[in-house]
Every structure is written in structure tokens, then in C-alpha cells.
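Two complexes are shown next, each including chain A; its partner changes from chain B in the first to chain C in the second.
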Partner chain A sequence: MTSSEVGDFCDPMDAEIKAKIKNLVVFMCNECGQGAANTAGVARMGYDAAIRIVRVQCSGQVGPIQIMDALNNGADAVGVVGCCLGACHFFNGNILSMHRIKLMKKLFKELGYSDQFVNQWTARAAEGETSVGDFEDMVDRLAVAIKNKGTIKDGC
Partner chain B sequence: MAVEVKVFQFNGCNKCFTESILLKLDSEDKVTYIENPKGWKEEKTDIAVITGYLLPEDGKILESITKNSKKVIGYGDCVTMGGIFALANQNGHKITPLKEFIDNASSINGCLGEIMELNQEIKGKSPVKLKGLCTVCKRKSTCDYMEAVHRQIEFEESDVCFNDLGYQCNGFVAQECKERCIDYDAPCRGCKPMVARSGIRMLGMFGTLMGNIEVATEHSVKGATDKLADEDDDITRSVPDVLGNFFRFTLPTSGLPQGRIPSTGSVLEDVFTGRLIEELPLIAGLLAGNKSISLVLNILEAYETGTKMEVGSCTKKIRKHLRKLEGDLGKATESQDAQQYKEITEKIRKIAGNMNLSNLFFGGFRSKITEYDNFDEYKAHPFDVVEGSYAHGCVEYKIDSDGKVTDFKIKEEAL
Partner chain C sequence: MTKANNEANVSELETEEEPRIAVFVCHCGHNIAGTVDVEKVAESAKDLPNVVKAEHYMFMCSKTGVKMLQDSIKELGVNRTVVASCSKLQHGRTFAKAIEEVGLNKHKHQQVNVREFCSWVHKNDKEGATQKAIQLVEAGVNRARKLEDVETRKIPTTKAALVIGAGVAGLRAANDLAELGVPVTLIEKNSTIGGHMTQLNKTFPTLECPQCSISPLTNGVANHPLIDLYTLAQVKNVEGSMGNFTVEFEIKPRYVHDNCTSCGECSSVCPIEVPSEWDKGMSMRKAIYKAYPQAIPSTFVRDKQTCIGCNSCINVCPVQAVDFSMKTEKKTVNVGSIVVAAGFNEYDPSEIEPYHYGQDGYDDVITQLQLERMLSPTSITNSEVLRPSDGRIPKNIVMIQCVGSRNDQVGNAYCTGVCCKFAIKNARILKENYPNSNVTICYIDVRTPGLNFEELYKSAQEIGVRFIRGRPSEILRNPLTGELRVIVEDTLSMTPLQLKGDLVVLSAAMVPPEGIGPLGSRLHVLRSKEGFLKEFHIKMNPTLSSKGGIYLAGAIQGPKDISESVAHAGGAAALAAAHLVKGYIEKEMLIPKIDYSLCISCGLCKTVCAPAAIDVDQDRVYSVNEVACKSCGMCMPACPTGAIQLINFSDDQLRDEIIPLSGGEAHCHD
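So, the complex of A and B:
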């Protein structure tokens, strides 16, 4: 799926589909990821009520096991948010998790599903809007996956 | 104390079933073999051994077997984890592990299941504690990042871990085993997992080891930062078949969702579709029961002829001998001659490495067979992937430019 497909469909957002999204588990690193979410909170920026944040020390701690555990325990989608490229506080954890998530995405496609319900983003601690924007993108992508009947859970 | 054992063969490969003929050797147990459980008239027994893959419709018979036996043992990956046939679950088939039918069965993992372990389980002895495969492997791992993934390697003496060479080996998540593919320059595909959800763990490990390989990122408009890109990149191109290489024996127990790719034919054909050309001998060597040798050789010869690969006369001679041994093995099995079965399998192992036939490859053999001393005369080499259609004997298959099988036809009756 390309970003243009995402754009075509998601504007305006289909309210009915969006209402189905209840649990979007987001693993956020304790540095820029969670930092950006905190900044967003201080500035009272709103984001989708389906977002469930799990704070991790580094996005590099997240891999296929954590993603599958989340999906098998009720998550509609899983997002990972780490530091910007080159800015990981633990050297290269954010890049390593991208490698693993890329393989997971491929695996879901090989099984006949959409690859839009798992992904990794980055954020900047000083800019709350980066994390809020990431959340919006997660919801949009999941909505596309739902519309294309590509998710694991029936209807979501 | 002698016990009564009944061995039941369900679907697919019968290699574990025939291997269990060895239970008769030096034993007072009364072993009987039931090739067609559907027609079985219920009888009490001490121990029931289940072999071959299981489908939901086998539930009723399994229930009656359980009711009539004091103990049920699943023997071989097909039964315990879905095994190699369960790759067809990618295409919607419902191959189901034994534990989803009955709660308290014991499991002997492995493709081929190990007869020693089965024997111990029958005798009620506690299982031997096994080490991790890497600790007994002659190669040693550094766990450094690899520079590139290689789908084949030059076959040569080395003590460097396959993964360090960029050649995926699932030994990290496997237990020490008898068949030891790794001793014949064939990577481990994890038929005896050491941990639960071994495929997913190995996938995470391998993704990490790919740390030096570039992963594509793209600008995210909404977040105004970078994100992981959707497009294909060196990561996805390096591993064209994640499912087949990481979940070869464990798909139904891996926690992944049921596959929804449309089926292209029979279970066996779906198992092969989507796999990589260089993996075909490793797959065929496992699952065709007492016809595995001919299936591997037909697949190899189809590609060799189609791509005009050079095959030396020594290789041809050894292969001919292997085909003959396969015939002999068939006869020994038919006459239920355990001693002869054992002798012939030992001869096959000497050439093919193990009963998975790990030593067989395109153009020759992966490692030296001591009796033929000039290895150069029959040594296999990495080959090029050539898109096209290939056929020989009972098989016909197409591969695409990535070397992925897009279509696989097999005349099972001709096997």
C-alpha cells in the first residue's frame, strides 16, 4: 500500500470505520517518543482515544514477540515510536527495531493481510505535534487496512 | 515390562511411521501398525503413537484412540506442531497440532522424530536434557551484524557460524538433534525448537543481525518526521520468503494468524509454492516419506536440465546408488524387516548425511562423502537463479526472478 492510497481514502475519514478502532497499542521509547507525548500533554493537544501508550526504555526493545503479544491480546494495531534517525539514546535501537518490524510487515503480507497495522515512527521530544501526528497517521493507516479487509481481527 | 504399542499413520509423509519400525528392534513390546486409522476397529492399548499431519476431521478418531489408550504420544513435528505440511496453512489449509485435539499427549519433536526419544517416552523414562544446537555445532557465532544476506554459500570447511556469513541458520532456537543438517553444510531450519514461538524469536534475532543492511525510511507528513517506509528495500529483498524460512515446522503453534493466500492445489503443492529454489531440496527431503530421495532428485534434475547446469558423472553415479537404496528401503519396510531397515538407512545416511537428505544439492553434494575421496568430482556449487519452468519425472514447477516458486505441480501417485 502506498502513501497516496492512504491519502485518497482518509480524507475525509470514514467515521464508521474509525469508530471500530478501540485499541491501538503504541510502544514509545522513554526518550524522544514519550518525551514528545509529554510535550503534547503539557500543551493540551488532543489525540485519538484508542491510543494506548506502553512506555519502553528504547524502541529497540520492541520486536516480533511484543508485537504478536499485543495483537493476540486485543490490539487492533501496533505502532512503535522511537527517536529520530541518528538520535537514538541507545546508539541504534530505533534502526534495529525498524529492521525487525519491516520483516514482520513482510510476513503479514505473505499471510495475506495488510501490512498497515504495524509500523514504526519517530518523534522529537521538544515538539508534541510530532507524536500527535504519528498517532493520526497510525489511525489513518489502520482505517485503510480495515477498509481493505486486511486486518487480523474480524472487522477491525 | 513389555507394553502394547499401536502406531497410527494419519496424513501426508510416512517417514516417522516407517521409522517406528525400529521400535521392534531388541524389544519385547508388542508393536502394531495401523496405516488407515479411519478403518480401525477400536481396541484397548497401553500406548498410542500418532504420526503424520492432522486435520480437523481427524478429531473423532483421535478421540477414540485417546479413550482406548493409557498414554498418547505425538511423534514427529507433523503431529506436535503442524510440521512442514502446515506451511500450507498459509493458503488456508487447517493443519492442526495434536494438542488442540487432546490435552495430555506427550510430544517428540523433530522432522524426522528421533526414535531414541520415542523409545524412552514409551518406557516412561524422563527425557534426556538436550543442549542448544549452537553449543554442539562445530561453527562458532560472533553475533556481529552481517553485511549482506546470502541465500547460498560456497561449500567449504569453516568454523564460522552461517549467520555470521549472512546465511540464515535457525540453530539459535534449536535443540541438539540426531539429523544435524548443519554438519552437511545445510542450515538448520529449526525442526526441534528449544523455545516456544521459536520462529518469531528467530525472526527478531535475524532482523537484529541485519543491522548493517539499509532499511528504507520515508518522510511522514502528519508527524513531520521520518517513519519506516512501506516500499520494498534491501531488508525485504534479502529475505524473499519469511514464512518458509522462519516458520518451516511451527506455523500453527507460532501465534500467527491463519493464512489467507488462495490455495493453488493440494496441500503438498501449497507447501512448495512460495518457497525458494535453493530451499527445495531441504523441503523435499523431509516430507515425501519413503519416496523422499526420488522427489529431491527429480526437483534437482529438473532445474539442472533446464538451466544446463553441469553435473559430473560421479554425482550421477552416487545419485543412481541412492535411488537404488530407496527401492531397497521400500522393500524392507514392506516386509517389516527392522534390521534391514536399519542397515539401509545407515547406508543412506552415509551418502545423504541424514534422513532429511541434507547433503543433496543442485549440481552435486554439499559435503564430502568419505568413500568417494575426490570431493571436487561431485561437489555442488552455488548457482544462479534463472526464472523459468522446470519439469522432471513427477514434478513440474515455475520460479520467478527472485527464485520463488510460483507454481508447483506434483503427480503424487507417480511419487
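So, the complex of A and C:
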């Protein structure tokens, strides 16, 4: 795309950027996370094929090691999905995870990368659209980050 | 080949530690095959290391499919299976059971979800879906390679339970447990059992006598052969985990032996008089006393703090039951479950300055529980409502709702949920008893959900109780006449009002009982931000606390009315009895392992562990309590050295799964 087309670039460029996103690793907890993704599947709600779901026991199980493993091996971004706040099946894992993700974001920012490398969401097992919303948000945020900062992989 | 032979073969293979993986890709009719090129997926899996067989089949969950799975184990010596089909929830268990039948540990099966997570959601992107399925299967194979056996262990339990608190919830739980054949130790902080329910005049919505409703329960519990009741007792120390707790508790002396006939001679000669706690200060009691006539246990009790030691009670007692030399006792019990039914406290409104509760000249500002005590048949006023200041019958009675609840200033954002109901009930009783009086309720919202409560509200409106929507800003006192006025704005008609209040009744909130903090930390259970003990899951498990084996009953989990408390307590008792009646806990040992060569004894894993499943001894050696552990893995990221690893979810195993999903080979970084 040339710079002369900048005027009406929004949508086509977004689509182009989104097509570049190949692997998004999403850690979903065994309770509401997996439940919501299953419900979304059963209801045939479509989402981006770049989403790769990893089953973990609780979102509180996901730490910097898992996040860095994914990014080092080529993932475009990492998402962590847990139960709604106050409804963690392991008591407070989602809140612990929230703090950890916050720290990771801060770390990425300080290192000069985009803080959209990693994000956390919640989902409700009974509502598949919550997980689909999480996935769409993940792709959108990444697309914006790439637009603003160039490809995230370049920084890697 | 016989079954025994197969098992021998399998165990031989396992000792060799060579993973032999069989991959099956399911078509699920057109559900998967319609979007994903299953042949291509199976073909790609063939080239992966350690894969000895990769096939695709129409319905893996069918008998033939399951037989294919089992045959691969029998014939090819496969020791790990991967099935790419539906979710773990749907058929994961089917395949796990199938491999267990032929002698493999069920945790050696890896389920890959290519239906809900792939084919069903990427219907319009067949190429992307196939690529994703290939990656998912590769990740599944990688994950399967290092799967370990997880044993299921039976842990024997101690068939006994401890119930803390003998209010209506605690009594119900103790009674239900005892009826299920579980010996119960019931401990109560106060000198009598029955809790707040015994203080009430009438219960809503049917206006029944609470004393009559609860006395079968109190009598039943006090005389039950399987229930040991201890009053004036408090928990001091709790050790152990679900199924096997050791609880140490302290029993304060009563100074009166059990042979007391409750004749009351001691009380009549006692020279000391103090306001009665049970009667909410509406009457006086002696230093040796019985809280109320129907109290159980009916033994008198001496209040050591106020007693002057004149010995008149000792001299007058006809059965020599009074004994000042009694000492504090300590007792230890072994139990399998603990039910916490510590109840609630009425909020102390003196914290809210504009209402002047408990201040000089504001004697006529009382709480609903004090009003209940005045209305009650056992009250000192003979069920008459009299102004505490001058003993006259009040003409204008104003009730103020939401005192201490729905109030961010005092830190209680929650709605107690029962104040509207009891205020309406009391207003109706007042209006019935004194038809000429004016009863006004100042409310924010009237909340009367549930069967029969709307009718109660309506009946109060019909009988002439006045409802004003607005939270009063202040209670003013005329210094000359001593008359009280409630300043409130009727927010429906936007008119500021000054209501004459001969008697002002504050509907105080339900707050966590005093001493809940130390009790919570002794039990190792977590508390909500309001200070109540937090339930394990608000919807699915409202009776379990954050720690397995400790259950919550009644208002200790959050404000509740009597019927809710009783129902909650029944649920708690059933859960508490389940593993005691069965005699054992069956637990999968899916627990973290600690590598002691890496452990630096920092204790971070212990700080994040919600079920308090990490133990530490005096040499600072940390260990995992395999019974208490809930297999969440929260301790893993907390560990700075990676010493603690959840079995089958270790960093190593997760990395193997993450690599193909992230797009393949590791890039060079450093």
C-alpha cells in the first residue's frame, strides 16, 4: 500500500494486518475459560483461525515462563482467559493472574515493546460470546499495536 | 493374548520409558471432516517423533472407535494415546476410561479438541482450520510424550465433625450431621445456645413464635447422644486437612456445676446488677444469672468480670453447685469436617454520628433488635413498647432503614436483605398493638422479594404504616423538651420533612461477628472484603469455604434470614457428612511436586495457595498437603526457581505444547 492511499486506509489495512496474524496463543482455564470456548463452539460462533487454545488448570497457573515460551517461539501475542472476578473456581487465581499480567505489561513497556503482547480477559462458561469477544478484542488490539509500532515480531 | 499378559507387556514398556504414541483423528460425521482435512492431519501426525500409529476414523466415540484405541495399546504396545475429536468435557472421559480398561493409567490419554475449538468455529476458513488442526495435533502429541501416571488414592477420614456456633444454623447442621450418624462436637462462644433467633419476638412473614420454632431443635441437640455440646468455648488451633483435622479449643469456666437445678436462689441474693447482653440492654441481670428463662443449658453462669466475690450465692445454693475454683479447660478433638456457623452481629449504629445512637439524651433511639426485645413475651415491659427515656407509650414511631448497610461511608456497600422485612413486620405489629400510633418507615428502596413478603408489605400499607422514600440525614433533639425529630427528604414528592419521633428505631445491618478475624486465620480460610468468610464459589459451591473440609453455614457467609440460614446449614451438613459417611476421600494425586535441590524455602508458594495446602515444618522444609491441594497450579508461577511443578502441567510439559501452537521452531534470542 502506498502512502497516497492513506486517506481511506482504515479497513483494508486492518484486514491486511489481521491476515498477518498467524498464531495467537490463548491460555484458557479448565473451568469458565474452556467452558466458554466450548459453548462458543457448540453455538458455531465464528472467530479468527489464528486463535490457539491451551488448556491450563487455572489462569493463575500461567506465569512469565509460559508467556515468554509462546512469544519466543513465534506467537504474535498471548491471551490469558479466566473466570469472572469473584467467580474463580480455585478461589482467587484470576486475580493473581491479573496482577501478574499487569507486571508483564509493565515489563514489556519498559523494554520498549508494545504492552499488547499479553492481555487478560474473563469469560463466562454459559456465554460463548464472552470468549468470542475476548478473541476478537485480542486480534483488534494486536492490529492496532502493529499499526502503531510496526510488526511486533520485528521487536522480538 | 490374555488381559494379564497385556498388562505385563504394558508395564514392561513403561519401565523402558520409550513413549509410543497412537494418534486418532475423528471425523465426527461431517462435523470435523466437513471443515478440516482429516486425512492430511492424520498424515502429518505420522511423521512426528514417537508416533507409531496415526489414523482417522468416522466416529471415535463409537464402540469400533474405542476398540481401535484399545487394540493399538494391545497390539502395538502404545503407552500414550491422542484423540483429536471433541472437547475433553464431552468424550475425554470415554477415551480415558477405555485406556484404563486395558491397563493404561487414564492420565496417559491426551484429548485434542478439533471440533469446538476448530472445525465448528472456522467453518469459512477450511485451509486455516486444517492448518490449525495440524498444529493442535502436534501440540497434543508433544504433550502426550511426557505425560506421567497419576494415581488415585483413597484417604481414610475420621468419622466425626466439629460445628462452630450454636445458633439456628449451627444447631441445624449439628442435628443433621448427628442424624446421618456422625458424632458431632458443637461449640458455642456464649453461655446459651439458640443464637439471635431466641431474641426475636416474631418471625416473618408468618408472624410465628421463634422460641417455639427453635426449642425442639435446641432440646434435641442438647440431648442428642451423638452431640457433645460445649458452651463458653472457643477454637484455639486447627491443624490438618479435609478428612483429618485436629482441633484444640478452650472452655471458659461457668463457675456453676451441672447439678444446678436453676432454682434462681443465687441470682436473687446477688448484689450486682448490670445490663443484660442477651436482652440488648433493655433489662438488668445479676452477676450470676441465666440469660433467659428457657435458656439451654439451663445451668446458671457467673460473670467473673462483674462479680465482687461476696460468696452469697455459694452460701445460698441448695445443691452446692456454685464453685468459684473452676478453671479454664483445654480440649482436643479429631474430626473429619468442620462446619462454621458463627453467625453475625447487629451493626453498632453509634458509628453514625448524625443518628446519635447511644448518646446522652438520645435514649429513645434504639435498634430493631432492642425493639424485638421489648415486644417479646419474655420482656421486662410485658410486651409493651415503652420509651426508654420516660416509660411512656410512644405515639409517633419512626423507623430508619439501611443503617450500616448500603452505606459506603461506613464501608458496607452490601444490602443486608432482611431489614426491610423485619422493619415491616415490626411496624405491622406496632400498628396492630397501638392502632392510634403513627408508624413511619424511611426507606431507600423496599426490598421484599420471595414468597409471602410482598403480601406482608401490602398488609402493612393497608393497616396504615406510612412509607417515606428517603434516607434521614439527622436526628435532632429539642434541648428544652427532649423531643426527637427525624430530618428527611421525601424524594418522591421532593419535600423536606421533619418527623416527630417519640421512638426512633434503627434497622441496623448484619455485620460479621466479632472475633471472626482470629477464627478465620486459625481455620486458614479466607474472608470476603466485607469480612464474612468467603465461599468457594458463589454459585456452584456456596457452602464450602476456601479450604476443603471446612464448610460454612448460615450468616457467616453473608447476611441471611432464618429460612435461608437453615437451608444453607442443611446443605453444609450434607456436604460435610458425605466423605465421613463414605469413610474415605478418593483423590487423584494431581498435585505439585517440589524439587528440593531447587527449593530455597522462600515460602512464596505458601502465600498464594488459597486452600492452604502447603505445609512447612520447623526446618523450613515446604511440602504439599496432598489432600488439601486443589490442583490449580497457582504456586507454579510464584516459585522464583521453578522448584514446584504441577504433575502433567509442568513448565516443561506446557512448553512442549506451546511450541507448535506458537508457530513452530524456537527462534534465536539472547
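Rule of thumb we're sticking to: the second predicted complex is superposed on the first by the 138 of 156 C-alpha atoms of A that agree within 3 Å, B and C clash if a C-alpha of one lies under 4 Å from a C-alpha of the other, contacts with A are read in each partner's own complex, and residues count from 1 in each chain.
Heads up, the rule we're going with is that a contact is a pair of C-beta atoms (placed from the backbone, for glycine too) under 8 Å apart; a residue touches a chain by one contact, two chains touch by 3 or more.
Note that this is a predicted model, so its numbers are computed, not measured.
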Using the superposition on chain A described above, determine whether A:Ala75 touches chain B (first), chain C (second), both, or neither.
second
Report for A:Arg124: first if it touches chain B alone, second if chain C alone, otherwise both or neither.
first
Touched partner set for A:Arg100, first chain B, second chain C, both or neither:
both
In the superposed arrangement, does A:Pro64 touch chain B (first), chain C (second), both or neither?
both
Residues on chain A touched by both chain B and chain C 63-65, 72, 92, 96, 100
Parts of chain B lying in touch with chain A, wherever the complex brings them together:
90, 197, 200-201, 203-204, 206-208, 210-211, 213, 215, 217-218, 220-228, 230, 233, 235-236, 239, 241-243, 246, 255-261, 274
Quick one: in the complex, what on chain C touches chain A?
87-89, 113, 115-117, 120-125, 128-129, 131-132, 135-136, 139, 526, 534, 536-540, 546, 608, 610-611, 630-634, 636-638, 642, 646, 649, 651, 654-655, 657-659, 661-667, 669
In the complex, go through chain A and note every residue touching chain B.
1-3, 63-65, 68, 72, 84-85, 92, 95-96, 98-107, 110-113, 115-116, 119-124, 127, 129-131, 133-134, 136-137, 140, 152
Considering the complex alone, what residue numbers of chain A touch chain C?
22-23, 25, 34-35, 37-38, 40-42, 44-47, 49-50, 52-58, 60-66, 69-75, 86-93, 96, 100, 156
